[in-house]
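Sharing a structure below in structure tokens format, with a few things to ask.
Naming follows writing order (A, B, C, D, E, F, G and H), and every chain is counted from residue 1.
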Amino acid sequence: MKKVFERPKSLKDMPFHYCPGCTHGIAHRLVAEVIDELQVFEKAIAVAPVGCSVFCYEYFDCDAYQASHGRAPAVATGIKRVLPDRVVFTYQGDGDLAAIGTGEIVHSAARGENFTVIFINNAIYAMTGGQMAPTTLLGQKTTTTPFGRDHKLNGSPVRMSEMLSVLDGTAYAARVSLHNPANVTRAKKAIKKAFEVQIAGLGFSIVEVLSSCPTNWGLPPLKALKWLEDNMLPYYPLGEFKKPAEVI
Amino acid sequence: MKKVFERPKSLKDMPFHYCPGCTHGIAHRLVAEVIDELQVFEKAIAVAPVGCSVFCYEYFDCDAYQASHGRAPAVATGIKRVLPDRVVFTYQGDGDLAAIGTGEIVHSAARGENFTVIFINNAIYAMTGGQMAPTTLLGQKTTTTPFGRDHKLNGSPVRMSEMLSVLDGTAYAARVSLHNPANVTRAKKAIKKAFEVQIAGLGFSIVEVLSSCPTNWGLPPLKALKWLEDNMLPYYPLGEFKKPAEVI
Amino acid sequence: MPRVTFREDRCKGCELCKNFCPKGIVVMADHINAMGFHPATVVEIEKCTGCAICAMMCPDVVIEVEKEEKKVG
Amino acid sequence: MPRVTFREDRCKGCELCKNFCPKGIVVMADHINAMGFHPATVVEIEKCTGCAICAMMCPDVVIEVEKEEKKVG
Amino acid sequence: MAKILMKGNEAIGEGAVRAGCRYFFGYPITPQSELPHYLAKRMPEVGGLYLQAESEVASINMVFGAAGTGARVMTSSSGPGISLMQEGISYLAGAELPCVIVNMIRGGPGLGNIAPAQSDYFQATKGGGHGDYRLIVLAPASVQEIIDLMQDAFDLSDKYRNPVMLMGDGVLGQMMEPVEIGDQKPFELPEKPWAVTGRLRGKEKRLINSLYIVPENCEVHNFKLEKKYTGIKEAEQRWEEYRTEGAEMVMVAFGTSARICKSVVDRCREEGLPVGLLRPITLWPFPEKGIVRLVDSVKSFLTVEMNMGQMVEDVRLSVNGKRPVHFYGRVGGMIPVARDVYTEVKKIFNGGVA
Amino acid sequence: MAKILMKGNEAIGEGAVRAGCRYFFGYPITPQSELPHYLAKRMPEVGGLYLQAESEVASINMVFGAAGTGARVMTSSSGPGISLMQEGISYLAGAELPCVIVNMIRGGPGLGNIAPAQSDYFQATKGGGHGDYRLIVLAPASVQEIIDLMQDAFDLSDKYRNPVMLMGDGVLGQMMEPVEIGDQKPFELPEKPWAVTGRLRGKEKRLINSLYIVPENCEVHNFKLEKKYTGIKEAEQRWEEYRTEGAEMVMVAFGTSARICKSVVDRCREEGLPVGLLRPITLWPFPEKGIVRLVDSVKSFLTVEMNMGQMVEDVRLSVNGKRPVHFYGRVGGMIPVARDVYTEVKKIFNGGVA
Amino acid sequence: MHEGILIAGFGGQGVLSTGQLLAYSGMVEGKHVAWIPSYGPEMRGGTANCGVTIADSPISSPVVSEPTVLIAMNRPSLEKFEKVVVPGGIIFVNSSLINIKATRADVRTFYIPANDMAEEIGSSKVANNIILGALLELTRVVTTGAVEKSLYEVLPPHHHKMIPINLKALEVGAGLVRE
Amino acid sequence: MHEGILIAGFGGQGVLSTGQLLAYSGMVEGKHVAWIPSYGPEMRGGTANCGVTIADSPISSPVVSEPTVLIAMNRPSLEKFEKVVVPGGIIFVNSSLINIKATRADVRTFYIPANDMAEEIGSSKVANNIILGALLELTRVVTTGAVEKSLYEVLPPHHHKMIPINLKALEVGAGLVRE
């Protein structure tokens, strides 16, 4: 018998603390699979954010940092500038990356910092109890938009991948989703490309991953995926927004 | 005899502290002229940045704030949310707006905050002694890029207007220049439109003004304008990147 | 016949595997595991194609899939 | 004939007005003002069209321009 | 008046609304999230605004903007977020803008955890930001007191044109206790002849500013601030004394740890040990007067804090060497256990300065 | 050894390079700009990196990243920028990362001005960030001492795995003085078995972290930190005594104000007034030992600061009520004038406690 | 009197609101009360618990670190909190969901199939109240009357029709432990 | 000896480097020296000044708030700093650019047409050194030898050919005030 699917080596053998059906877990696994496949486990350094995925430093079995909220890209900059041959990646939520960490992500991209960002967009501040994120959809009810997000009051959701693609330093930017198997497969490909871009020294790479938060969306796991598909996909188009010529 | 050109009323009758030939002065005057023409002097509230234009709170004869470095858009948000019928504008440099204040400008735009931003891009941190700004051109020598800005080391200059135009909350975004009379005229038109957009309640408006810094560029005033034209214009295309249908 | 192994104590009963299995052979057990969830399991394993879609969608890396090796040549 | 007035004490001698005057009639004075600059001034005012370009380009709002009013009708 | 059961964090919100606060700018953080949740619903009911900022840095600067117009405005956060606000707080103090900042302290340093702590005492009282300035710092110890102090917070803030900080922790924020809130009284904002609202009706120009480029002027400004602070020190020290009559030892503790000390006092008194409690309600100005009043009659002090020893410095400064000042602390999100504090008290009574 | 004339800000840079620092992340601010200018040129010469960050928040977090790899790394700023770094500093202290942070203090609060000041003493020594932590704080008083202390700063930082702050002001940063720098010695980075560099050659997993979600663990971590701090207090107090033999009054002052006090001491001694100076070199740990050593023989203390009275609290705590502790301060960018300090000294000698 | 009651279970089992009901009832009776939930990212796992203190004198810490009563609505809760109950205290075990026994000998333990009994009387939602009824009967910490009054206060009017079944559940629970 | 020398003028007149040269020379002679520039946004206006202290004993504050010598290279500098010179001090007025007189009676004032004389000896760049020469002659704060040595140290080699004219300027300046 041949294993056609098994736990990646780079993922420590311990249970996740995530809620049932939370796709943070799938994203973790994909990153670990890519690290395995590219055989960069020994060189990998993960930078964990503040958010539900704060403990990802435990799950990825590589060396790791826990960064302050939003600053993972600055921390990664510090690491990568000292150790340019290591494979450095941040794993950040939408509150972390698109709100408090806007300056850090924009300027890491502008500087073309040669690390990879896994950006989990679940349209919510999950860890702190379901508040509006910059990526929360119009009309979406959260604990701080009890009547639904309203453009007049809160503005409109930001499309980070598109925005970062404007910057010359961004070498690779893609948006993927985890709502069904076909998209999970595509997500993995994008993550792999992002790491390859880094390994080739081509500059800043980011993969925005549309992800579910059953708990704070108040939906069972399957319905959450359906909600993602029905509501997030129309606003957040999937695809590669930028890729270097060097990468196939 | 009719005055065909005189000091605008909204500009206090006092000398500027700017260096000879510094186009900050032209930008000030244009803003004051627009305030005069739109007759919003009594409603106007200026928010000054930290940068060479820190004292603009003195020059504009309207009520004013002095904000911390980069945070003028947050301060303006606070003001405008309390006093929605006032005409609020920030006046910010490229260090202020495009570096330390990235988060504030991006999210003011994303929220569609209904104020106007005058963004003076002089490709340098002037006040602090000519350090590299995010908008410093590749190859440009500054006190912190003594060998010229290098993409590998410092990344590439950011085009803020283009980046902010990606956001739904941005109602008006234009880039203008002050290097000759025709462009000064165009600059004024854009500034006027930006204020009109605000007065019409259409959301966030920004005018990026390419401006000279003879002192830190190490050039006499005229050569500085020439340098701007020859070097900045090719990288920073002029024009309106976004405008609401409502505005002609 | 492929082998699909569930690490039952890790299962959070989210039903994603069940939903996405193209053969519809993943079901939720009646009993609950130590964490209080009804764990997923496979019935009618003979229908299983070893496509590993269940595993791919499992957020908690509960599932392993094995398959007979194809003879080469 | 238009009138172009320079507020000499405010002039920083940057020469922008001089450079952009389409008639080339703005020159820098020989003397220096209190701030130590050679102030700008207009010679041959009769050539002046009152276009106010000099004023428009002056970063220090030194210049005022007046013109005879056109008779309407 | 009927009592209702209310959560500390919600009491902050309701207290603010009743004190006339109509603007809240903030960024979520545990353990104060119920406050934004509450205000996101409540503010629209009273025509007010709840706005979620993109960061704490933005929040405090939005507060700066709103406060400058004369509105009653607040923000709220915890440890890491409050640290990010330090520049803005220094600006608010420098520009003399009234506002209320809530810090529901959590375990630190760094990310630490979200459990209750009092380890931001220094930051709040000595100035975590740059320059010479002071915050008025209030430390409630019950949900009822939260409601009451919110009113005082806004009033003091306007009175002195100074930012006020309300310090609590996760216990105070998360717990529910009965409160009397009564009917909402109509309130009137005090006149703010300095507020920037535009030059309508020909008003003279106004400016919100903390820049004094000429050192001489900056010094004058600082002296002016100092005079204000001296006035506040004189007029606004507040504390509660609990069974201090005849006490040979007085514990000094605020907020959550003061609650625990109260029960220790009771136990000691039951056993005939003459122990009392001084509970600072204003952390700045520190109730030096309260200490000085007791110092001659008391044999020793025991400061109990949920940190490694911060307020104890102010106790020592107030006691000025006249009596021994002991310290007992738990830290990192741990709450002192009454039994342990009692043991500590006994130890000191038995002369064992452990 | 030949002397050269060097600017204080440049001496910081050169001192850092000689101490083996190869990474600088910072954001420009007056009055320390010559330091980044210097390093932007100097770092490439030694294979190091000068990187301009987009903000002070980013700078300090880049420092966090680089420090975690074991590299010698620094940043530099002034008042407002240092305030913005407070969250990051708390994280550095929490994760026990060595690094050097320079604060060339300017007049505050708020934007204030760029003139010299010492009003960030509290922020540096009591913890401007959240949680219980300490920085080692060094205060040079000459350009030569800047060079020397930069070496100590990095060494102490590595020794204790703790951030170190060097505090100066615009006078120290802008002035040129003769210095001896000698030849650059080869240096070796100390072993850092905790540094995160990837799991090459099968190393066990390493982690840079300040999160201790379980309060019990967080407390253990805090106790461990506290033990370290106690050790530092024991071992690292540094100060200079100037003509304290037989002094009846001792001034306490650091940095720029200490220079002025020295000349006052000389004048007093010339006139037969037994006055001396204690100049703290470590602000944290405060040289309590130095004070305690003097307290019995001295009749009174006068603390002179360029602020409204901050270090004076530590002097009082050290003196513990045994002697009067007076204060004289200039603020907002003003430097004490020797004549005025002398007058103050005389006044105290004449019994007039002003 | 000083009762520290710890109620623990899965999120969604209503342990927080049951605790609030109890605290409210204490308040109605003029007692000192405090309620505090567990808070934190451990919520991610889906467990929830709260502490309720009801006392005659002011309450120092609202955190119930040494409960006099533990209500364990699921197995992890029993396993986690059994050991902190004070000697002589009471443990209620929701035996509908918990198939193990408590191991402490120095406390009184009551096994109540709360979910099953709640279904029996017509609503699975009142499982907590079955145990609450037992608690009241044994400890008299508050009266059933106070709980009834509180239900009217706490529940929004359109849920008042649920009050009878809630009271019924209290009654059934009380009956179970009534000697 | 304790001389506090304030040198002030427009940016570009070389006042900062002249101050550095003086400080360097003091150092060469083993004296205590300190140099400090004005810094700040007032530089925008284009004025610059620096203070140089040369003394036999350690220097307390390098800030020259009460100069013993003022070198005013332009009119605003004279107007601004004339009043702070100590009684009995010296003021050098660059009369090439300053067409007003100093008003203080309690100081010694020397009017030196520095720019004109510099042009005369062949380079407008050495105007400052003309005044420096006068200063050295009057105060002997450092020797000309020390300045010469310093010039070799301070100037990059490819500028060493400028040294003779610099020395000439010192000489000319000294001559002007030599009795």
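Heads up, the rule we're going with is that a residue touches a chain if its C-beta (ideal position, glycine included) is under 8 Å from a C-beta of that chain, and two chains touch if they have at least 3 such contacts.
The model shown is predicted, which means the values in this text are computed figures rather than measured ones.
Counting steps between touching chains, the shortest path from subunit C to subunit F takes 2. The count of contacting C-beta pairs peaks for the chain pair E-F.
We define each chain's centre as the mean of its Cα atoms; on that basis subunit E and subunit H are separated by 55 Å.
The geometric centre of subunit F is 34 Å away from that of subunit H, both derived from CA atoms. Distance between subunit A and subunit F, defined via averaged C-alpha coordinates, is recorded as 40 Å.
Per-chain CA centroids place subunit B at a distance of 59 Å from subunit C. Of all residues in subunit D, none touches two or more other chains. In subunit H, 40-42, 45-46 are the positions where the chain touches two or more neighbouring chains simultaneously. Contact with two or more other chains is made by residues 18-20, 54, 66, 68, 99-100, 102-103, 106-107, 127, 134, 154 of subunit A. Subunit B contributes residues 1-7, 11, 15-16, 18-26, 29, 180-181, 184-185, 214, 220-222, 225 to its touches with subunit D in the complex. Note for the complex: subunit E touches subunit G at residues 3, 5, 30-31, 113-115, 170-171, 174-178, 256, 259-263, 266, 335, 337-338.
Those residues of subunit G whose C-beta lies close enough to touch subunit E in the complex are 20, 23-24, 27, 33-37, 39-41, 57-63, 65. Within the complex formed with subunit E, the subunit A residues making contact are 50, 54, 66, 68-70, 95, 99-100, 102, 125, 127-129, 131-132, 134, 143-147, 153-154. Considering their complex, residues 27-30, 33, 36-37, 40-41, 44, 50-52, 54-56, 80, 110-111 of subunit E touch subunit A.
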